[in-house]
Amino acid sequence: MLLTLWVVFTTSFFLMRAVPGGPFDSDRKLDGEIKKNIERRYHLDEPLEMQYWRELRNYLRGDLGYPYKLQDHTVNGVIREGLPVSAALGLLALAFAMSLGLVAGITSATRRGSPADVMLMTLATIGIALPNFVVAGLAILCFVFLIPLFPAAGWGSFHQLVLPALCLGAPHAADVARITRTSMLDVFSQDHIRTARAKGLSRARVIWCHALPGALLPVVSYLGPATAYVLTGSLVIEQIFAIPGLGSHFVEAALQRDYTMALGCVMLYTVILSTMNLLVDLSYAVLDPRVELK
Amino acid sequence: MQNRVVISVVLLVLALSAVAWAVLRVQLPPADFTFVNETEPKSLDWALVTGLPEHRIIGSIFEGLTRLHPKTLAPLPGAAESWEISDDKKSYTFHLRKNARWSNGKAVTAHDFIYSLRRFLDPSTAAEYAYQAWYLKNARRYSVGAKGISAGDPVEVELNERPKGSRPFARGVVLRGKLIEKEGDDDHRVFIVEIEGRRHKYRSGDKGDLNQGIAPCKQVLLDFHEVGVRAIDDYTLEMRLADPTPYWLELLAYHALLPVNRECLETYGSPAWTQAEHIVTNGPYRVAFRRIRDRVRLVRNNYYWDPERPKLEVIDALAINSQVTVYNLFATGKVDWITDAPALVLRELIKTGAAKKEFNPQPYLGTYYYLLNTNRKPLDDVRVRRALTLALNREEITRTATGSGEVPAHSLVPLGIPGYTPERFGKEDVQEAQRLLAEAGYPNGRGFPKLEILYNTHQAHQTIAQLVRKQWEKNLGITVSTRNEEWGSYQTSIRKFVFDAARRAWIADYVDPNSHLDMMVTDGENNNTGWSNAEYDKLIAAARAETDEARRFTLFHQAERILMDEVPIVPIYYYVDKNQVRSSVRGFYRNPLDQHPLSELSRAPEMPADAR
Amino acid sequence: MTTSDRSSQAAVGMSLGKDAWRRLRKNRVAMLCLGLLIAIGFLAVITPVLPLSPPDAIDTLKQYAAPQMSPFWEEAFDFDYAATQQTKISESERIQRPYRNAGFPTLGVVSRVMVMARYRLFGKGQVAALFGRDELGRDLLARVFWGARISLIVGLVAASVSLVIGVTYGSVAGYVGGRIDNLMMRFVDVLYSVPFIFVVIFLLTILGQEDVKKWLLNKGIDRLTVFYLVVGAIYWLTMARVVRGQVISLKTEPFVEAARATGVSQAGIIARHIFPNLVGIVIVYLTLTIPRVMLFEAFLSFLGLGVEPPDVSWGLLANEGIKVITPVKVYWWLIVFPGLALGVTLYSLNFLGDGLRDALDPKLAGQRNA
């Protein structure tokens, strides 16, 4: 994992430096001395490898530097403020996606081919058949204006959290449903289920106690990357619902070519993703019936 | 199995409490007044910003020598209690009020203004708006660094080391002397300076050159004592201007000439001093906290000198980018003032007359126009530029793309400056446009290279760009494409002249044609077209020196005629304000600069916030 | 179960592909989706021949006109046919003129011929704005049709790029195995942990700069091509993993071992035994990748990084549509029709992908009655 982080850091660092247009390119045509003074302040006058080692040392110390565009803040500060917001939104969205997706997936797997299966899978597929800005726009129209249930936007109460979490979770709910369905069907064909069924256990017991834990494995491994995605990639939802999460920083850093911010975001994403994958591996121990817990 | 259930439940509880924690820690008591301040302010350091969102906040947390009347925009006493103006209108003496206080309780003195002004003009601050202070004598020479000094000038040498015992971010040691000679080019310049009778060699940078006896320094500038500003005593400030500038008092209220607190700045340095827990301000409000891309919360500054203002205790300035979201928030009663909404919403509101009290668009001093990059072929040909402006149907543009009754523009200076009515230039004339294009060597658009329109990502700009593209293609037979960029990159492209035609707008900083016209002078900071005309520069300079208003305006008319004859810019329409303000808000006046000081706002007591 | 399945296969002597096709045909929803997709694809291909308004023909007086059924037919197609005959192909700048004036985006040779054919067939006639009009008075019906062309192409090409890279990479890693396999998969892992949304936006921003863009255009690369390449180069990761897994399990299958034992060459094994067995899973992933790419294109349109006018894609239309959903006024047709087009297509692709997976996986097929 550390190796991955280092590789990603190094590649990103050099890629961003190689790209045309330095960070102060955006500002005005400055005179030689003035420009040099500013470059000196940001250590841009040093040779590239010196800059690299300095940056790496800072990162190891946990100092991510200053963004070039949001001038009053530090990258650490931006992440410190944005991450809890994104995490709360993302967790809720995933909780929603999990509960809906699992129910839909299990139902449709146990009643395969029935109208209920087709219906549920149709519903689930709609979640991934429309761009989420469309889903969000329609949801606002319905639940804010036609039936005034929720506030239009903002951040600071649970009430404001519901609609964005639903919209953010919708495509993931669909994914979870489809994965659950497939893996449930897979598990049904395995020997231990047939044994359990042969023992004369009730259908519900077979499904919930014997089939589900095994079928959950692919869902859990899907959750790893999905968590990283909802934490950082929720830009659309954040914009529409005016939520001060990380997604907008993430995308805007790329759009504005804010190198320090961008590097910070990339590294954050990589760390989160690696951690999540680690957690997924650990949770296999909890879920996989073949692994015994001490 | 048991274990697994327990672990799952524990994990679930943990996750939910994390959500609860994240939500609860940001819950706030509601503000007395909430408005949408468009985007996240780039900085609260007024020396570094030029945008409206920053101005709305900075204008209420800092106070300059003067401030503007919220309705008439006449200059009122601000940090200065009174002032005298000399007969030649070039010398101002300000008497500061003794009870003006910083938000840390200390007095605001004349030295604070001098410190701020020096910092503002310092080339290493790189203030974009520094030219707003160039009306002061010698300010420009100070501000352009080495270019502003020549042999024989009194100069100041700023060393890299700070004086002993100074604050961590104080200026380096400053030595004053006389410049004997400048050697070398932009990159390697050596200054020979005579200080106290001895000659020294200096070079800007970390390292000098011991062999040649060159010492390192941070920079060599004109001696700041030469700049036309000085403190007579703690509460008296004298300013000497290069030219009589009739709008100088208005400019002093503008965010480019505000004070900063020296102690705060030298203790924390830039940009850390602008953080909510550090910043020291002198305006009616102070910053309670900032949440990135969410809000800036302002609370009443108890040290402010005027007990009558501000009237509201807590104000929230939200940063929201999506126009539809902004309008949704207003429509559901969550915010009290919004500055923009989608064109189709505004159009609908006007048509149905549903929100007359809240939405009442009035023209103000802003012009929306297209820049033509005159450095590039074929736009360097004035006939081509004229053809482009003549081929536009501005009525179609305002009717289709804007929503609040914007007026098609035929001049750079907008309508509404008392005593100055701009002429109408470049009325649509497709035949003449085609003739000009043919004359320039492109009959029927044949051989004309592909032209690209640059705009920043925004629905209204996109619509206008598409219309302009279609009109130029149809009327001139040329090929036009469009390119959109995010605001930051768009500004970079404009500054670096990587565009053919680009969308731009300018809103007056003070009520005078000069605010629009002086940006088009040769190499003006906001000229951005590469256009240059000696006659035009002369007229603008003459107008600056002129004290008689009628004659000044005649000079401006002549200048604008040249400008619109040469067409480096293509005006499209004049702005109207799109403010929507909840009807319970008092003290909000429509004015020609679209400036609305927060300290004047109050709320009618009988109508609570959500009474809709 | 598995054994009985194999034996029954062998007994009938049916190939895997034929068997899967038989099973797929039984899946009525999947077949319906397949039919729909073929129809949509066909319509997209022949769009220039259809008597529709050109997608970029503006009429600002008819701004936001609502959908109308009558009159169904109008003589409004303003096309200078004579001009198309006068210009020579060599005059690349002039050749687009008549088409552009009529309101078409830049057209290739085939499309130009199709437009001319359309003019000869229908003259000035065109179908009225059945789907209503947008802010500039453009005909939404035509825009949905023209948008299909770009959206489908984007999905297909980007997915194919990912297919080529992914299959090659995955099968090499899987077949060679050992240390090299390990190294190659490590590399995929590292790439996986890079936020690809970010990479695409970053690249598109950089490549959208005027100087870079001009340079690329000189080489005949426009933003769409860049998009194909970049997206394709990113979506191959999953494909590579899946293919590798499949190859590894195939390698140990008895029939491959048997082939090896009988002295079939490496190339022969790969060509005869490995590739044919990969086709199924690859098709499945292809049908599941295309919708993702199309959604991603919509997301980029939301950011203003999508296709540039006068070109039009479904993502762009959906984005324009959602902007006119406001509490004061809802121009519903601008979101309903593009949303429907996008939704139906993505839905069909997803369902078809699922159906294919079921059909190709004999294990699942046996579970009908579970």
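Letters A, B and C mark the chains in the order given here, with residues in each chain numbered from 1 onward.
One rule holds in what follows: contacts are C-beta pairs under 8 Å (C-beta built on N, C-alpha and C of every residue); 3 or more make two chains touch, one makes a residue touch a chain.
On a predicted model such as this, the values are computed, not experimentally measured, just so you know.
Visitor: Counting C-beta pairs in contact, which chain pair ranks first?
Guide: Top of the contact-pair ranking: A-B.
Visitor: Using each chain's Cα centroid, which is most distant from the centroid of chain B?
Guide: With centres defined by C-alpha atoms, farthest from chain B sits C.
Visitor: In whole angstrom, what separates the CA-based centres of chain A and chain B?
Guide: Inter-chain centre distance comes to 37 Å.
Visitor: Indicate the whole-number Å distance between the mean C-alpha point of chain A and the mean C-alpha point of chain C.
Guide: One centre to the other, that is 25 Å.
Visitor: Report, in whole Å, the distance between the mean C-alpha point of chain B and the mean C-alpha point of chain C.
Guide: 45
Visitor: Two or more other chains in contact with one residue: find those residues in chain A.
Guide: If we look for residues of chain A contacting two or more partner chains, we find 21, 137, 140, 144-145, 255, 257.
Visitor: If you look at chain C, which of its residues touch at least two other chains?
Guide: Counting only residues that touch two or more other chains, chain C contributes 205, 209, 211, 303, 325, 327.
Visitor: By residue number and range, which residues of chain B touch two or more other chains?
Guide: In chain B, the residues touching two or more other chains are 324, 328, 331, 486, 489.
Visitor: Provide the residue numbers of chain C that touch chain B in the complex, in ascending order.
Guide: So the residues of chain C touching chain B come out as 56, 58, 60, 63-64, 93-94, 96-97, 100-101, 135-136, 205, 208-211, 213, 303-304, 308-309, 323-329, 331.
Visitor: Considering only the defined contacts, which chain B positions touch chain A in the complex?
Guide: Interface residues on the chain B side: 1, 3-4, 7-8, 15-16, 18-19, 21-23, 25-28, 40-45, 48, 123-124, 126, 128, 144-147, 185-187, 189, 204-206, 218-219, 271, 274-275, 290-294, 318-322, 324-325, 328-329, 331-332, 334, 486-489, 491-492, 495-496, 525.
Visitor: So in the complex, the part of chain A that touches chain B is made up of which residues?
Guide: 21, 25-34, 36-38, 40, 66, 69-73, 77-78, 81-82, 84-85, 87-88, 91-92, 95, 137, 140, 144-145, 148, 151-158, 161, 209, 213, 239-242, 244, 248-249, 252, 255-258, 286-287, 293
Visitor: Using the touch rule from the top, collect the residues of chain A that touch chain C in their complex.
Guide: 4, 7-8, 12, 19-21, 112-113, 118, 121-122, 125-126, 128-131, 133-134, 137-138, 140-141, 144-145, 178, 182, 185-186, 188-189, 225, 228, 232-233, 235-236, 250-251, 253-255, 257, 262, 265-266, 269-270, 273-274
Visitor: Residue numbers of chain B touching chain C in their complex, please.
Guide: Listed in rising order, the residues of chain B that touch chain C are 324, 327-328, 331, 342, 344-345, 348-349, 352, 354, 396, 399-401, 446-447, 452, 454, 457, 459, 462-463, 466-467, 469-470, 473-474, 477, 479, 481-486, 489, 493, 498-499.
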